[in-house]
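Got some structures for you, see below.
Both of the next two complexes hold subunit A, though its partner changes from subunit B to subunit C.
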Partner chain A sequence: MKITVNGNGLEVQEEVKHIKGLIDFLELEGKPLIIEHNQQILQKEEHEKAVLENGDKVEIVHFVGGG
Partner chain B sequence: MLKVGNYQFKSRLFLGTGKYPDFDIQKQAVDKSETEVLTFSVRRMNIYDPSLPNFLEKIDVNQYTFLPNTAGAKDAKEAVRIAKLAAASGRCDMVKVEIIGCDKTLLPDPIETLKATKELVAEGFTVLPYTSDDVVLAKKLQEAGAHAVMPGASPIGSGQGIINPLNLSFIIEQSSVPVIVDAGIGSPADAAYAMELGADGVLLNTAVSGANDPVKMAEAMKYAVEAGRLGYEAGRIPKKDYAVASSPEEGISIGN
Partner chain C sequence: METNRYHRQILFAPIGETGQEKLIRSHVLIVGAGALGSSSAEALTRAGVGHLTLIDRDYVEESNLQRQQLFSEADMEQKMPKAIAAKRRLSEVNSHVKIDAIVGDAEINILRQIVPETDLIIDATDNFETRLLLNDIAQKYQKPWIYGAVVASYGVTFTVLPEKTPCLQCLQEYIPANGATCDSVGIIQPVVQKVVSQQVTEALKLLTGNEAALSGRLISFDLWKNEYTEIEAAALRKSDCPSCSEKRSYPNLAYDSRLKTAVLCGRNTVQLRPQRKHADLDEVAEELKKNKQIKLFQNPYLLSFEVDSFRIVLFQDGRALVHGTMDQLEAKNIYHRYLG
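Moving on, here comes the complex of A and B:
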């Protein structure tokens, strides 16, 4: 399955079924991150329910230093 | 106590988290400043190098109120999106609306800032818009429901200090919500001056992170904000054109 993550194309294995799976696949579990899936901002508890499909767009953002 | 919406803070110094030499110095600076509010930006994570450290991992996040900014947004729509992304972290419902309208001066876009403020207030956020020192705009932001207004002292990161104290005074005088002077503060004198003018707080970043010794400067800023506030509360003497002796003129025993 091919999806777009943070503007870049990403080929993910078939086992990656939902956003939580993607987070694990990218080894980002436990990181303070925020996900937008097809322009829908997800709450943490929604990560496991958000099913990934071919062509989906995912934004993974976090807090960085700023004034 | 500084009250912003439902929040209360003992410290009137809000600290930015950008551009420190390293996280250890930053942590020490944050500690010394005794700030309770830290600002952050929201950016894409580097998913190919998740081991990159993040400042949030260095601090006890429960000790601080997060004030994410919407920096990077060019219009109200983008600012609202960034605010919602930040809120989805579950760590904050405060947001600093920052919509830059000019890349060279980094001055805010007044129309989009007002629009975003209205929308975010309606969404239930605690909204602190970064604005220019325009007196009428500050009033309109307040009417739009902003929980504080944050006029710039001078352009972001310029360190020029307060270039229009008169406008800041007008904004402070007319405001029924806290006025937090944001951007352009360069030195402790600037921060103290802002507080002496009657500002309810100061938000600064580069003045500390860019100082030769950020930790010492953070401490200096803490004292400057406290001193300025005390001075404001105490009420300064009026300025006069000529000298007024502070020693008594009667009973002088020298001379004739």
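Moving on, here comes the complex of A and C:
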């Protein structure tokens, strides 16, 4: 399945079924992330319910502190 | 008005003569004069903002020169406080801008005096403790502020508008845990410019009466990975936020968040703010000179001395930086050993 993450195309395997799976796949688990799935901001508890489909758009933002 | 100086900016239709006059009557506070602060201060000075206030607690070191565009090797050799060095350079760039330089922490008492007089705050700090303080003070006095932050090749920015957008406290669950922002992954200079170009453009829109052109989005990018992301932020506003909702109590102003000691990110340095202010810098220097082992350096703003593997820098406002340790207890011991 091909999805778009932060503007770039990404080919993911079958086992990446939902947003939580994608976070694990990207090795971002445990980080506080603001996630938008097809222009809908998700709460953390929704990550496992948000099923990924071919062509989906995901935006992931995290805060940093440096200045 | 010197029309020639700002001619190209006035030709730019959304600004025009009217916008330029508004800029000249504006007062902007920039908190932090490191990488982001240097760059946005220069941009706003060239653009002709009437009045800039800069606050910074640090002084210029060699490793700053790679990305902090206002500073020179001479500033580094003289250990100039960043706010003072920045003011000097900015006054050369545009002598018509009134520039106030404050060497110290952006703490609540200072912000209370300045923020009501400003039109806008630009965040160029390196920590969330100060940002949360800025957030609440901006909400209290109904001032916009523009978050910006950088690490490695990654940058993130968002404009907080009172009563309109979410505030930083609304987004509190996304703030990384204390210390997690002290990455030792370095930084490249272009990401600073990219965040600043976003921050300064938003500032120009706000100051010239072009609010409708504001982005409204949380923007992040990674220049190295070729990633660019925008998230519509409105949905993140919390109706029960303690900083921006009707039930507001400004939790970040309620207690004095000034830590007596603070570890500076990625610097192997501890800042101490002793309860009792030390004697004036000349007297301290006289006392230290009696110990021939100690290497001393002094300028009108600070006193620096080296002893063993540590270097201690004392500022006029009473703060001390102890370089060579991240251990707060060790830093205190060194401080007391040499300064009583």
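Quick notes on this structure:
Here is the rule we go by: the second predicted complex is superposed on the first by the 64 of 67 C-alpha atoms of A that agree within 3 Å, B and C clash if a C-alpha of one lies under 4 Å from a C-alpha of the other, contacts with A are read in each partner's own complex, and residues count from 1 in each chain.
One rule holds for everything that comes next: a contact is a pair of C-beta atoms (placed from the backbone, for glycine too) under 8 Å apart; a residue touches a chain by one contact, two chains touch by 3 or more.
Keep in mind the model is a prediction, meaning the values are calculated, not measured.
By the touch criterion defined above, A:Gly65 lies against subunit B and subunit C together after alignment on the C-alpha atoms of chain A.
Once the two complexes are overlaid on the shared chain, A:Glu15 sits clear of subunit B and of subunit C alike. Within the superposed three-chain model, A:Pro32 lies in touch with subunit B and with subunit C [touch as defined at top]. In the superposition on chain A, A:Leu42 contacts subunit B only, with no contact to subunit C. More residues of subunit A lie in contact with B than with the other chain of the pair subunit B and subunit C. Common to the subunit B-facing and subunit C-facing surfaces of subunit A are residues 6-7, 31-34, 36, 41, 44, 59-67.
Listing the residues of subunit B that touch subunit A in their complex gives 16-20, 26, 39-45, 47, 50, 54-57, 66, 68-69, 71, 81, 84-86, 88-91, 156-157, 183, 203-206. Those residues of subunit C that touch subunit A in the complex are listed here as 32, 34-37, 123-128, 148-151, 154-156, 171, 173-176, 181-183, 187, 218, 220, 222, 225-232, 235-236, 265.
Those residues of subunit A lying in contact with subunit B across their complex are 5-7, 26-28, 31-36, 41-44, 59-67. Remark: subunit A residues 6-8, 31-34, 36, 39, 41, 44, 59-67 touch subunit C in the complex.
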